[in-house]
Structure formats: C-alpha cells, structure tokens
Amino acid sequence: MGLNAKQMGHCTVDFEKNGKQIGFFNLPLSVHDDAWGVVRVPLAQIKNGEGPTVILEGGNHGDEYEGPIALGELIRDLDPGLVSGRLIFIPAINQPAVVAARRTSPIDDLNMNRTFPGSTVGTTTQQIAAFVNDVLFPMGDAFLDLHSGGSSLDIIPSSVIEPVDDPVKHAQNIAAVTAFDAPMIVVIDNRGDPRTATASAARAGLTVVGTEMAGGGTVSLDAVRICRRGVRNVLVHLGALPPTFGAPLEHEPELYDIPGAGAYVIAPDDGVFEPFHRNGEKVSAGQPAGRIHFLADPGRAPVELAYGIDGIVYARRQPGRVRPGNCCLVVAAPYRSRLT
Amino acid sequence: MGLNAKQMGHCTVDFEKNGKQIGFFNLPLSVHDDAWGVVRVPLAQIKNGEGPTVILEGGNHGDEYEGPIALGELIRDLDPGLVSGRLIFIPAINQPAVVAARRTSPIDDLNMNRTFPGSTVGTTTQQIAAFVNDVLFPMGDAFLDLHSGGSSLDIIPSSVIEPVDDPVKHAQNIAAVTAFDAPMIVVIDNRGDPRTATASAARAGLTVVGTEMAGGGTVSLDAVRICRRGVRNVLVHLGALPPTFGAPLEHEPELYDIPGAGAYVIAPDDGVFEPFHRNGEKVSAGQPAGRIHFLADPGRAPVELAYGIDGIVYARRQPGRVRPGNCCLVVAAPYRSRLT
Amino acid sequence: MGLNAKQMGHCTVDFEKNGKQIGFFNLPLSVHDDAWGVVRVPLAQIKNGEGPTVILEGGNHGDEYEGPIALGELIRDLDPGLVSGRLIFIPAINQPAVVAARRTSPIDDLNMNRTFPGSTVGTTTQQIAAFVNDVLFPMGDAFLDLHSGGSSLDIIPSSVIEPVDDPVKHAQNIAAVTAFDAPMIVVIDNRGDPRTATASAARAGLTVVGTEMAGGGTVSLDAVRICRRGVRNVLVHLGALPPTFGAPLEHEPELYDIPGAGAYVIAPDDGVFEPFHRNGEKVSAGQPAGRIHFLADPGRAPVELAYGIDGIVYARRQPGRVRPGNCCLVVAAPYRSRLT
Amino acid sequence: MGLNAKQMGHCTVDFEKNGKQIGFFNLPLSVHDDAWGVVRVPLAQIKNGEGPTVILEGGNHGDEYEGPIALGELIRDLDPGLVSGRLIFIPAINQPAVVAARRTSPIDDLNMNRTFPGSTVGTTTQQIAAFVNDVLFPMGDAFLDLHSGGSSLDIIPSSVIEPVDDPVKHAQNIAAVTAFDAPMIVVIDNRGDPRTATASAARAGLTVVGTEMAGGGTVSLDAVRICRRGVRNVLVHLGALPPTFGAPLEHEPELYDIPGAGAYVIAPDDGVFEPFHRNGEKVSAGQPAGRIHFLADPGRAPVELAYGIDGIVYARRQPGRVRPGNCCLVVAAPYRSRLT
Amino acid sequence: MGLNAKQMGHCTVDFEKNGKQIGFFNLPLSVHDDAWGVVRVPLAQIKNGEGPTVILEGGNHGDEYEGPIALGELIRDLDPGLVSGRLIFIPAINQPAVVAARRTSPIDDLNMNRTFPGSTVGTTTQQIAAFVNDVLFPMGDAFLDLHSGGSSLDIIPSSVIEPVDDPVKHAQNIAAVTAFDAPMIVVIDNRGDPRTATASAARAGLTVVGTEMAGGGTVSLDAVRICRRGVRNVLVHLGALPPTFGAPLEHEPELYDIPGAGAYVIAPDDGVFEPFHRNGEKVSAGQPAGRIHFLADPGRAPVELAYGIDGIVYARRQPGRVRPGNCCLVVAAPYRSRLT
Amino acid sequence: MGLNAKQMGHCTVDFEKNGKQIGFFNLPLSVHDDAWGVVRVPLAQIKNGEGPTVILEGGNHGDEYEGPIALGELIRDLDPGLVSGRLIFIPAINQPAVVAARRTSPIDDLNMNRTFPGSTVGTTTQQIAAFVNDVLFPMGDAFLDLHSGGSSLDIIPSSVIEPVDDPVKHAQNIAAVTAFDAPMIVVIDNRGDPRTATASAARAGLTVVGTEMAGGGTVSLDAVRICRRGVRNVLVHLGALPPTFGAPLEHEPELYDIPGAGAYVIAPDDGVFEPFHRNGEKVSAGQPAGRIHFLADPGRAPVELAYGIDGIVYARRQPGRVRPGNCCLVVAAPYRSRLT
C-alpha cells in the first residue's frame, strides 16, 4: 500500500536476554466481538552462552500436532544451562488455526504456508508471517518447520528437504535433515510455490529442516516419538545442544522426491475412495491404485484409478469422501540429487 | 399428532417379485430449493426360491463406509439364482447423511440410530426409520446393521451383539454374530438407548447382527475385507446363500462388552489428546491413558487421564482435538454372559 | 406433552367487531437476540352485516408473492361497507419465512404446509399453525390458501382442489375453485400428506380453494392479475362480496390431477438440467424430457431423462442446478373425477 | 414415542452421601465429531444433618452469569458442616449453552426454559430437563432458578415470583422470594407458558424462587453482589444454612407484575432504537418511549414508540439494533395480589 | 509481493498438438480437507491446419448455463478435421463456482469477472485469471466470453460489445458480435471496470465477443438455441469453421447501450418488487416502473419506482425479494456509436 | 494491480451546489443475488456562503450509533441558511456494516478503520475508503470521525486526538477536540496503525476530531446527548455554524492517553470475566482487576487478572464471555504532551 509498514504487535519476549522466557507475540486484531484485543501467538526463548540461533516452529497448520507437542515439552523441560546459543520457539505460529484445530486460520481463511513473506498491513496471518520473516529470520541461523499430514493426509513420517539452488547450502540442509533421523527423507518443492515458511527461510539464508509426521488429524504414538528424537538430534547436529542429548541414528534412509504432477493420484469423481495399498508399498505406473464408490447409487459401478509413476506410496487421503480434484494418494520416487 | 400415519414415500421395488431389482424408496421432501422433490433412499432386492428374508443395512451413519461398499458389491455382483429366500438391501439408509459423508443427516440433523421406531409424520430421518420399522422389519427374519467407527472413532473391527432378554433369541444372535468371523465380538447396549435400528429390529423379533469396522472416517483395507467375508458368512449361516459362499473361520473370539460409564475415558479439558496405547493393548484401572496438551499455551503443563476399568483398548478417538465430554478411549472387558 | 395447551400469543384484532381492523397475532418467541420479543404475524379483518366468514391466507411459503400482494391490496383498499359477513386475512401466515423470502421458516426450519394441525407447545411454525387451526378455522366457512411455485418451481397459474371424501363437499369445492377462473384447475393431494393447511381446513369442514401462481421466486405480471381477479371472484361466489366485484369468466378449464409418482420427472444425477419443453406442452410417457449436463466435466456426455406418463407439462424446475431427487418437471393428466 | 423412557445419563454424584461432592451428570450424545461422547452437566451436592433439600440452578440460559458465579463460589467455598439438609447445585444446567455463552443450546437450538418437563428420548436439552424434572425435583423441597437479563435485556435486579393457584404455596413463595432481598420483586408468569423450570418445579410442589439480575450479556458488579447475598439469605430462610450466613435486609420492596401484552414496547420497524428513559423511571400509558432511527437512510425521519401502560421501566433492550417484534422496553406495574 | 510469479498449475493439454484434447488445468489448492489437492479447471483444444486461435470461455459466473452447455457440445461433437486453426475451450473457467452453481467462487468469494488480470500468487480465482491472461490470451486471436443473466437477472438474449478506443478494433468487434446473430446487440462497459475478462482480452489485442443469454438461474430453451447458433456463426465469421457450419442470420439488430447510472432502477427499500413491464417493452423517463410491497406489514402502502431514462426494458430482477441497492430493472437505449 | 484506478461509483450529490442535498454514493457490487446492483452509501451536503469544508463521518463501525444518530438529525433538521461553508455528511460510511449492525462489513469482512487509504480496484470497503480518501479528503478542511465503543466495549464518553508530528497541527487538533466538550479527552494512536480514517485524514492535512461514545452495542442516553452537543460545538469552533449553535462548555478535561501494551488487561483464559471496578475508577499497576470464572467446571477456581499500569479505567469489555487475547479492560493515564 505504500504505507509505513512497521510491526504493530507487541512481543513480551526480550530476544537479547539470557535464560528461559515463555511469552507471546500479541498482535492487535479489531473484530466485532473484541474491538481492542490481540491474537496471542505463543513465543519462547532459551538463550545461553555462544552458539547458533535456531528457530523452531510448529502449528504452521493448526491440525498438525506432533511438532507443537515436542516443542512444548522442550520449552517446559529444557534446562537453559544446556543450551549453546539461542533457541527461539514459535510452537503455534498460526495460533488461531491451532486453537481451531484447522489447517487454515478461521480469521482470514489463509493457509500460513502460502502467505510468506507476509505483510505488516495485511490480515492476521500475513502480519504473523511478516513478523517471523522480517524480525525472526534475520536473527536466525537455522529453521525447523515441523509439519504433519493434517486432517486430510496420512504421510509416512519423514524429514523434508527444501530444495535450494546453492549446492553448498543444499548439502548443509541435507545433513541437517538427515540428522533428524526419520524413517524417510523427501525433497518437497511444494510445486514451486515461493510462499512457504521454508522457502522464505531459505531465501533468507538459514539452514532449513522440514518434517511430515503421520497425520489423519490425530496424534500418532510413533510420530510423536520420532519427532521428539528428531528435534533434539537436529539441535545437537547444529551445536545448540550437547551430543548427549542426541539419540543414536535408527535409519539409513534413501532420499526421495515427489517428481511432478504424475506423482499425485487425483480423484476425478465425487464418491468414496477405497485405496488398494498401504503407505510404503511399492507401486508402478499404470497399476490400479483404488476405486471410487457411489454409495447412494448402488447400481453404478465404481471407477478405478491408477498410479501415474513408479515409486512407493508416500501419503494417502484420510477422509473416505472425495470430490473431483482431491488428492487420494501420493507416490514418492528415489531422488536424483542435483549434487551429483 | 393423531394424524393418519400412512407411508408417504414411493417404493420402486416390488417386494413380491423374484429376481434382482435395484431401485429407490422415494420419500417426498418439500424444501426451499426443491418444493416437490424426493429423498432417494437406495433399495435393492434379490429374491429366489424358499428361505429367510434377510434385511442388510448400511449407511445408518453417513461416514461409515465398509458396510455400504460390501453391500453395493453384493447388489451388483450376486447371481439371484444362488439365493434361497429374499435379501433386501438398504445400503445407504440415511441417504442424505451418506451423500454428505456425515454421521447425521444434513436435513434434520438427526442421528438415524437415535430415531427408531421413527414417525410417518416426522422429519426425513424419522420417516425413513418408520418405513424400515413399519414396512421392512415385519417382512424380515434377520437384520444386519453394518457400522464402522465413523469420523470420530477408530475401533477394532468387530461384530456386535444387541443384547435381548430372551435367552433363546440371545443365543441365536450370538451364533449369527459369531458367523461373521470378525477379530472380536462385543456386546453393545448403547447405554440402554431403545432408539437404535438393532434395538428396534430385536423388538420386532428379528435375528440381529451388528458390526463396528475400523473408522477414522476412512476406508480401511483390512476392515473392508473382513466386512465382505463377514456378510457372506452370515448369509450362509442364515441359509440364504449356499455354504460355498462362506469362508473358513479365521478367528476364535472371546466375547467382550463395554461395562458401563467407567469404560469410557472422557476428556475433562479443551486441548489435543495424545494417547499412550494402541487399540488392542491390555490396560488396567488407574493406569495413565494419555495426556491433553494445550498447544497455544506452552507454559501450561498437560493434563493426564487414566483408565477407569481393566480390559483392552477397544476404540480411540481419531481427531486429536478434544473438548470436555469427548470420548478419548473405550475399554472393553470380557463379557459375563447372561446365558450361563 | 400433556401440558395445558392454551394459546400463548396475543391477538390485536377483535373478531367480533365490525369494520376494518389491521393488526397482528403476536406470538412470544424467546431467542438469544430477543428474550422477551414476539413474532408478529399480520392479521386483518373486515366485517359487515350477514354472510359467511372467509379466511384468506397467503405467505404459507415465504417466497410465493402473488397471494400476499393481492390480499394486502384488499386489506388496504376494500370498503368494509361492501362486505357481507366477515373476511379474515392472514396474508403472511409464516411471517418469519415471508420476511426471509424463504419457503420455510428461518426460526425452526419448518415448512408451514407440513405442520398442521400444529401445537401450542411446539416451535413457532407449529404454534402459528395451531392458532389458525384451533382459533380461526372453527370460525370459518371457507378458506382460501394462495400459493405460487416458489423459488424452485415455475407452475402454470391454476386454482387447486383439495380432494375430500364427501362428494357434496367435493362439489362445493370444485364450484368455488372454478369461480377463481384460473387458466387451469388441478386436483392436488400432496401425495396424501395430511399436514397441509388445506387438508386441515377440509377436515374442519370449510370450503377450500387453493392456487398455484407461476413462481420462479419472482412476481409474475400475469399471475398477479389472475390472482387479484380470482380472489374477488371467489368472494363473490361465496356471497361475501357483491356480484359487481366479480369479473366475467375468461377460462373454461378442464380438470387435471397429478396421478402419482410417475407424474414427476426426478433427477438421477448431479448437474444442470436442460428441459426440452415449455409449461403447457403436451407430452407422452417415454418421450425424452430433458438432459442433465456435467459442465465441469465436458468429456462426459449428458444424461437424458424421460416422462413417466402422458399429459401436459404443468411445472418445471427453475434453478438449472439439480441434485439427485430434485423434481425437474411435473406432468398433469386429465382428472378422472370421483363424482361421476 | 411409547418407548421405555429410562434416564440414559450417568450421574457421578451420589445423592444419598453426606459431605461435598463436585461431579457431573454425563448425558450420552452421539454426534459427527464424537460418536460415543457425553454432555457433561456440572452437578454438586453438599449434604449434612437434617433439613430441607434445596435445588439451586443457574445457567438455564447460557448468557446469564451472576447465578452461576454465585453458585460456583458456594460449591467451592461452603463448609459442609454448616449445612442442614441437602443442597443440590446445577450451576450450568444448559451446559452447552453456558459453554457457548448463548441463551439457547447450540446442540438443538432449544431454550431450556421452554422445554420442561422434558423427555428422556428427546434432544439434549429435553433430556437434561427430564433428568431435573424426573430425578431431582422429586427429591427437592425448594428450587432456586437464577436468571439474569441475558444478551438482549438489561433488567432491574429483582427476585421473581412464579404465580401458583394454591394461596398457601403462593404465600410461601412470596416469603422465600422476599428473603432474597433484591431491590425489586416481580411476579412473572411468562405469558402463561407452562414449559419453564419454575412452572415445572411449582407443579411438583416445591417452593420456588426466581431472579432477574441485570444482563446486557455482561457481569454486573452490583448484581453479582445482590445475587451472592440473596442466595445465602434464601438458604437461611429455608433453614438450610444458619442465620449467621444471612445478611440484614436492605430493601422493603413493593411487589410488581407485568400485566399482559400492553407492558411490552414492541418494535414495529427495522432500525436502531433510542430509548427516552432509564430503567426504574416512572412512565405512563401513551407517553413517548423512544425512537427507531434509520441510519443508512438519513432522509427518513425516525419512528416514535409509546408506552402501553402506567408503571416503571423494568427492562430495556441492550442491542441498539431492532427488528419488528423485538422487545424494546418492559413496564412493570404494582401487583394486585391474589392473596388479598 | 515481488515474489517469483511463475504459473503453479499443471496443464494436461498440449497447445501445440493437433487434434482434439479434453483435459484440465490443475491448479494446486491446499485447504483443510485436501492439503495437496488441485482445482480442476476443464480445458479442451481442437487444432487443425491453418487459421486463427479462438479462445471460447464459459462459466465465468457459475450460474450461467447456456454458454457452458454450447461449448461442451462443441468439445464432444466437433470433428477436428473441420477446424481451421485452433479452438481453445475453457467452458467452466471458474470451476469452483460452476460446481457450486454460484456467481462467485465458494473458495475465495471472488467474482471472476472482477479479478482480471489476476495474480499467480493470489487466491484461486486470481490464479486462474492469471493463467488465462498470461498464458492463453497471448496465444489468441479472438475471445468469446459467454455470459447469461445468472440467478439474479433475466436479460434479453443479446450479444455484447466490449468498447475499445481503437476504431478499427471496435469495428472488428462489432462485426464479430453481429455474426453471433442474437436478437439484440448491446455495448456494455461494466461501468468502466477494467477487471473483466473481456476488458483484459481487449487490452491484449484480441477480437472480443460477449453475450448475455436470458438468466433467472435457469436453462432457457430459447437462449440455448441462440447460443449454439451464435457460437458457430462467430467461428465461421472468424474463419475457424467452414461457412456450412453457420446458420442464416435471423436478426437485423440495432445497437444499444446502457448509458450510465440512470439506466438502472435501484430499490430504495426492503420488500418484494412487482414490475410493471416485461423485457423488451418501451418505457420512458419518469414512467412508473414497479412497486415495492411490504408483505408482512399489510397496512403499509407500497412504494412506487420510476424509470430514469427512455429506452426498452433490457433486464429485470428475477428474485421478488429486494433490498436497498438491488437492481430491479435495466433500460437500454439506442447506441450513439463512436464510429460515426 | 497497475490497472487504471478511476472511481467506479456514482455520486448523486453535486458537491458544487448550494443548499441541502441528501443522496447516495452508489458503488457497483456484483454478487450472486444481485449481479448489477450497488452499495448505497448515504451522503448529504449542506452548503452556503463562505467557510470551511467540514466532513462529518459516522458508521465507520456499523454497531456504533450515537454519531450516526446525531448526524442524521443535523442532515434532516439543519437550516442551510445557517451554514458558513460546506458540511459533507457520510453518516453510515460502512453502509453494509451499519445495515448489519456489525463492526465489520458483511461483504468483505473488513474493518473500515483498518482499510485506509483504500483501493479503487479492491473490495467494497476498500473502494469506499478510496472514495473518501481520494475524492472527499482533498475537498476538506476538517474531519469528524464519530465512534462509540461498539458491541464489545463500554468506553467513557470522550473526544479523541489523532496524534500528528506537526506541533501546529497537533495544537489545532487539540483545540477542536476540546471544543467537543466530552467528559474526557484521550490521545489514541491505535498502536500506530496507519490504516485508520483519522490517520489518513491527518496525512491529508485536515483538522481531525475523533470520539468514543459509550458502547456496549446500545444507544446511550447520556452519550447521544454529549454527541449532539459536541458535533455542534465543533462546527461552531470551526466557524461553520454561528456561535448561537454552541452550548456552554461543561467539562474542563485533562488529557489522557493509552500508553502502550501495558494499558490493556488481556484475557489469558477462556471463561467469563467479572471486573472489580467501574469505568472511571482509579487503579494502579499490580492491583487485581477481575477474575475469569469457569462456569461449566465449578470445581476449578477462577483466575485473577491484574492491571499493568496506574491510571483510570477507561473502557471495559461488555460481553462476559472472554477468550484468550480478548481485551477485558483498558487503563488511561495522564497524557505527557509533546507540545510542552
């Protein structure tokens, strides 16, 4: 708008102060039911001695729980004396979405991960993104962005690489993502969308680690364990926590990626989807992937869908109900790295 | 109301006719967008020779898919010449709920399974219930009511016994339910609610078989296989299909029940629930069952919940988000049968 | 409920008083935004000398305009000295629906014409119906119920006969309906539903005249003229207005009816309906009636529908968008009277 | 329905046990997001020695706060040893409405105070009403029903008499209501509606005390003080608390009532209401009461309203916005008691 | 935003390939119920030999049916061998609106025709507009934008001229629009709004043809015939189809336009509008145009509206219900061309 | 967008004409229910002789009534002959919000006072802001922006100073604001938000006067009197009305401001807020301010809140129900003016 774009929120955490602080970024929001209130985005910091500044974020989508749970435990339980450097936690970055347990914000209906770099004179989600992008990212050396599959997808627990052009930075990211020690590592470029938190952090030069932890809108016992271990392992890898905090690696994962539109099995019809395989099963292009049933019209035969590429089933849709355009299944294929 | 309570819908299936018919029960519904339209409840019949009349119902809740899928396949694929007697299918009894993929009807917001015996001058769900109760049940010898866990629950695939006072009938029901060959058999009395389809069918003297097939709002590969086999096995058991249609039994299940309010782990707070066990694990009264996290308030410690009885975890809530009163977990205990 | 079922509303019109009164039936309604308010159902009376008590009702559905317009004009313009007897007007009986311009009430989502005889301890629509049924009908000799096609249907302007068993009463109704002088006369039994206003008035022994005046959610220039003339003609026929108020008959209509489920062309699919004929065209059983197009899936061929009976097209659906169960077209056939 | 109407909820309070219990009436509710959950209606009991059973209820409407606040304090703070008899607390009887801070329940859209005597096979609000009516009222000697004005009304803090035909009972009620020591006492018959909690309790023979405590959807400092004192005074009057718990009377109130439809100033137009007097001011029939402004049509002159009777302004509408039928003001007049 | 604005969608049609292709433009959309799904905008191409590239668009508003029907028929039925050049079809450009049968998109509530030139990092409607504007328009020689009146308006079937400043281009547009052979030709500048599809296409230098085909939210038998003929005639005129595909002209239309704010009869009140004339009738400034009735307040006289200019009634509002600001009627006047 | 950003609305008021005009700014809005309609923003002008152009605005938030009432009365009642200069009235600037009685617009959900300077190619609220900013502000010498507390806040009636950097302009504003003669004067900078109407008017160089008049969503008798007097006094002060129109000053107010985040008492929990003080009471940092009660969980003790600064209670939340982030109370402190 050409308006003076200063940050309007008030931050109760002092980023220069040592020790542990648990507070809020209070962003004014003037709505019918609360003319002079704020959106309270939780914010915490643990700072001690020398070391990197690591920004740990969860709740980018409000229905992805393992990351926020693991970050909340660290915030409450971590002894500040063990930290080398500074950990900045935003465990529920899209706080209105987290409170609503929805992917997107109930305030402006925006997906935080399609909103970066945000705007100080935009809507609430855009203003939070601008705070993180303009205030936090410049302070950071590394960025952890903890996602799960959310309400609509069940994904193989995996750590995620944000692809960058600089091969040195790419190698650093691969190393950090590998330290997370998830059962699988996947390069995900979000179809080239530049508006994600990780794309924005990468543009700002930070080391970036992403995750996808199960999903289905539920808390997965397995994924929450993987996430707890992974976050600590990455912090050890980055030098922010002592090696004793890390766990021995359990996986020797290959790298995968999602190579374009053919990787997605998309529903062409309105009905109920029955998949033919489980996550992790090997499949090939042309193979039947599942069927759409028309339950209220039993005389109509189901429609069969097929895979578009070879690979393994990386994610499946949780809700049986599908509409045209819904993503039913996603296939991951071995990654042909740009580094080699 | 004291009004003349005749059935107002039009049924395109002739119940006296031999062979296969796929049609609809068309129930008038006069709403803003369609003054003279109908609700089209799918209805099918396969009739041949001598034998019992078996009523097979699915879609009582619109987000429970295995039953309607299995019934749709039978409707389309079964050769009428193989049937002895009459199979009446209502694979999507709460059709508006099935189309919406919601537990309850979007028309009157009613749960079909709290609506029996229905009313011919009531709302749509009540009118459908009255049609089934007043027209179909009097024709029937046995009734299959195929449920799954729905959007909110993930349940161990099981066949379900509707408890009745008459010990002879109870034994017949146990025999039919056992023929379903699910991994588990559970007596469920719906806290004594008399308004369920199975309670109503039992009052009408039919042999009654219920199921709970996984859930989480998804189509389970395992449960759909169990359901396909189970329905055929029960039809064989009842004498409506030849023995060659049955599959050899795979399970030797104990009987369980859900012995009262203590079996339910109920959320006391508003947050995100992390369970400590999987379905099928053995647990005991007083043991920690899970935790409620407060993701937007990371300084607040989680609240721990405990089991109320000994048993095995029979069902768990799918959505991580809980509010006070939500059912987080259900424990089943070995059934102390009234027959012995 | 067994509760004392006295009328709770307050009526500002004194039914025993001569002359013109324009007032309200104020029915208490206690809702969030108005704890001690009322629903104000407009009510008017013009009383003078000896003669019948005629109840004139419009706004039974809130999106049918010709009747309420014609009644409002009579209320404002009619000289009480011309009346013989008593005219009681309820021009917007479902006042909340009329204000919302919806078929059904926004308060309880009920269709007033599926609510009779109502209940004094029910919801708002049921309480209004009970007032009309219990207080007004016992005072009445004749009842005019002025409908149009509403938002979803465009109907040939017609006067409507509520079928009754008593042949004398039936003949009286036919005579009164014929006096309305619409282009067409149709016997409509609402699929036998006993909950309509006219069925209730007929049970109370009143002479009953119904109408269907165009529709499409709009005000039809033709229909509003037919309706103005028709109401006056019926009042002359009943002896409540002097013959000079009547207009010479313009039509010599045959009687039609809607002979059962086959008369309705029902949509089997979700799409956009293109009709092949206009209202009033002659059609025959089996003839193509129209097509459902799938606009967002242009590779899919349209589905063709056919008429179920011989007759003329009496009504067509206004909104192009159809869902399964929607009424696309209605065919009327010559009435085989019970009187002969 | 003719169904076996047993109570389906589970009560964690043992009504026969001495001492203090804070628990819940857990009523099963099977909805899309929670198939096997419950509505948790809070319930508490303090029992000790001999004395009357007094039922104290708040939250009948979910946006009326003084009663629930005062009851919650008693539940937490009262020493059981001071009680003579039994106090049964239902401080948030319409729990779903209280959680939503709405007059009516978000589950079934019902006003609890138009739902008595309820139904065990009805909706949630009806089932709660049936529990209170069928289980609690038979145990009770007296009933306190603590209302405030709610979101739409600001009312002079007052204690309220439910009129009964039996003059002895009426005198007892007046005595108990007078003990509450509110600034004003009003006989309110809810336009004769038999479906209120107090009407139901009176039919069951209990001594009945009602209140109206300010309102406007807010917590009033004055009213919360009046309510705290009043509840204790009534319990002392009934003999359930020792006299030392009572406060000396501050008011010598006249009795008022709301004598029929003329007491209500009802909005005839859609606009913004400006009142001309404050609560408590003396007014007379015919006097201008306020104006409705048409803010978006400044060329249109406001419409003036007038009072219908002589009396004092007892209540005024809080929201400026009015629609036809809304209650703008209520006038109370001195009560002409049936006792004299 | 300054972000890299590349197209994120995937197009299954190869624009360089000869023959007929029916596919989709799949645009990623990440929402609560479908994290990794797409919006599937149907797209088709028929390419053959030499000739112009003509872009044919329908479904710009989702409740305007004649254009999408006519385009779908061409897509399915046209023999590629008859085409000279390339026809690119986007028959449901605002696919979410078409599926919802709403003027505007249910995803972002945007009117596609107020969204051009769009944005690759905007909302779904903006992203589709950017695809059409940035990818398709540069390939095109001519653009057909097929509108109807939609749910709120019934318009005389007409072809529409987008006014442009260049007199040569203007003459070309008039020639192409005249080839459509509608009963009426109207110059419509959308009150100068630059955000329409036709304004954007005109800025890109394409020959532009618009239409308005009846409306009222229905499929008009007349308009669908006019539209089928018109599209073919324009393609013949442009040289993309052989002359044998054209139909002999039926109309010799004058040109009209809508000369400013005075052409619109705007509702000043909240009520039900009764028009005094039909589409096509000649009217003059100051003449009564219709009345607004207050159906729930029969004592209040209707308000009369008047025409602002001389001309013919070009469009009328379909829904009887009006609110202040609603367009009741539109008058078209003979066009005083800039060419002469 | 780079599009040609001309104003698209039509203004029925001629700003150059003398005398009184009451009209509308008609802004096209093309929505599902009204494709070619307008939003009718009321606009009036009274022009006479020489003198300043004063822009008087109300209805910036649609639930703030005193300003629009006072402006409507001036528009209807003021004799043009008494005016020196030009008064331009926009008494319901956010007309859709005023009609809905909501703070924000139901059309685009925007808060008008976070929308300046607006956009001619934006949404409705943005387009209205652009009209006021681009067309009206350049004509103006002074700007009155009349707010009240709205639905969520009850504020001490006060006139409000928009802080500006230029000390001369600041002194002029203080003088004009003081002329309003409210009980209190407060400097409010809206946390530095540049998107308010007053900030925009100040940037345009106008003298600016703001107000806050009670609130609670109601019309306050006191505040409406203060507002009527205040507007006239300011017009006298500005030389637009003769001194006889002014009222003698009643207040000698100190200046206050709201010195940052500490002035706001923000809810940390979800419950019902009970304040401990009334507006106008003196409070100090650390003093208990109120309590949040958990009405549906009576066993849980309330949470106590405290003030953050010394000062007087300037505003309190009206709705008892609070959620985390809601503003419960606001404290004003004596203003340390930049002028001294």
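For reference, chains read A, B, C, D, E and F in written order, and residue numbers begin at 1 within each chain.
One rule holds in what follows: a contact is a pair of C-beta atoms (placed from the backbone, for glycine too) under 8 Å apart; a residue touches a chain by one contact, two chains touch by 3 or more.
As the structure is a prediction and not an experimental result, all values here were calculated from the model.
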Chain F and chain C - chains in contact with each: A, B, D, E
Most distant chain from chain D, judged by the mean position of its C-alpha atoms: E
Candidate from A-C, B-C or D-E with the same interface as A-F, over half of contact pairs in common: B-C
Type of chain B:chain C copy interface by residue overlap (half), same or different: different
From chain B, the most remote chain by mean C-alpha position: F
Geometric centre distance via CA averages, chain B-chain A, whole Å: 37
Between chain D and chain A, distance of the C-alpha-averaged centres to the nearest whole Å: 49
Distance from chain D to chain B - Cα centre to Cα centre, in angstrom: 41
Sequence positions of chain F contacting 2 or more other chains: 40, 63, 99, 151, 296-297, 317, 319, 324
Arrangement of touching chains [line / ring / star / complete / other]: other
Pairwise chain contacts under the document criterion: A-B, A-C, A-E, A-F, B-C, B-D, B-F, C-D, C-E, D-E, D-F, E-F
Chain F partner contacts - residues on chain B that touch it in the complex: 268, 270, 296-297, 324
Touch list for chain A against partner chain E, complex: 61, 63, 102-104, 111, 113-114, 117, 149-153, 191-195, 260-261, 264, 266, 315, 317, 319, 324-327, 330
Residues on chain F engaged by chain D in the complex (per definition of touch): 22, 40, 42, 44, 58-59, 63, 65, 68-69, 71-72, 75-76, 89, 91-92, 95, 98-99, 101, 151, 216-219, 221, 224, 272-278, 293-299, 301-302, 317-321
Complex contacts: residues of chain F adjacent to chain E: 1, 3-4, 6, 8, 10, 26, 28-40, 99, 121
